[in-house]
């Protein structure tokens, strides 16, 4: 049996539109029979972070950054025209009109279609997050580092850095 | 005859510098004998949108987003140091000094060199744009979705997400 | 002897987190035995620019842009939550806590591990920089254009645009 072609997506950005683009491509890739991995790093960790901002992380510095940057998929914003949330609110309305899934729906859908959701261990620390699976949505499969990402990318037909 | 090597570029960003980088690479790739496709999505749609901001799109929400986000290549700005247009104006001056084409010239040049310019159907809706060729510059070849982009990327030697 | 697999990274962004991600991947790639090139363009040129902002560039326009955009690795900021430097300062503290190298340390380390650091000639002009090796850290190997980047990318196993 032929091996499946791989699609590897690194998600560094936490902007709503980049998160949407990443999930649209991941889900489309899975539909086309590709083996898809999404690797979340830096602000991208906010996308898969649990929505209730727990402040359990240790150290004042980390607590402060964690608070400022509470994250979670419901707090993602557009990179432009956010205007105190108005632009983001409008795009979310238009997403609904266009029957586009929300980020949480995309996370569930991707997981169900076999897309691997991976959190970057190395950058958890600098984002003020505790590097353990509990920090993230239950759909997140594992925590690994840059070497794992590059190992996947080497075997991939398509690698995207978003 | 050997098939041409493919270069596929997804342009999500609408920042002036990212648009310039995308076109420089597309045009250079075409000069090197590569078969180049540019796939514009989210803010990238602004780059290839007609410069006169038509407000014909339906629905109040869409009209509002379309107005806020009038777009068109002449309205692209730098992601940083924009300072009410001053930084962008200076970079445009320096581009002229360095004989670098403007975005509109790049669009015409790319089209002439056989670069395929493609608008993403799926994200037209969430950007408040009517998904039809009339919305865009005449050089835009077609409107397609994420599956088409991934299909191209799978066959490409180089895929960039900008 | 088998040729080494290539990893080519274009760094357009000058944001601290994207610079860190680029160097982490470059250094990891080199450790894994890959042949790594980093190609700095637009704001990415700030990362490898010398830290003392010389104002020797010619022309008033260029001088002004060069001044506004003094750059250098010590002036890189986060794309979000910068808050007059507070967020950046905190992330730098957390980087130290996590034993993550600074950008300057990464530049030295990458160079020592054989990573090629390349400045884009074409965009020096529009960034107000004199396109010569003296403008940059001594670890920078060469200045070339978009054709060189694409030539490398065509031969690469993994190409990332950051």
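Which chain is which? They are A, B and C, in the order written, and residues in each are numbered from 1.
Going forward, a contact is a pair of C-beta atoms (placed from the backbone, for glycine too) under 8 Å apart; a residue touches a chain by one contact, two chains touch by 3 or more.
As the structure is a prediction and not an experimental result, all values here were calculated from the model.
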Self-contact between copies chain A and chain C, residue sets same or different by half: different
Chain A on chain B, rotation in degrees - Cα superposition, rounded to nearest 5: 120
Whole-Å separation of chain centres (CA-atom averages), chain A against chain C: 25
Sites on chain C at which at least two other chains make contact: 159, 161
Chain A residues touching chain C - in the complex, by the definition given at the top: 10, 12, 14, 41-43, 59, 61-62, 64-65, 68-69, 122-123, 125-128, 145-147, 149-151, 153-154, 156, 159, 161
In the complex with chain A, residue positions of chain C that touch it: 5, 7, 17-18, 20-21, 24-25, 28-29, 31-32, 34, 79-81, 83, 87, 90-91, 93-95, 97-98, 100, 157-162
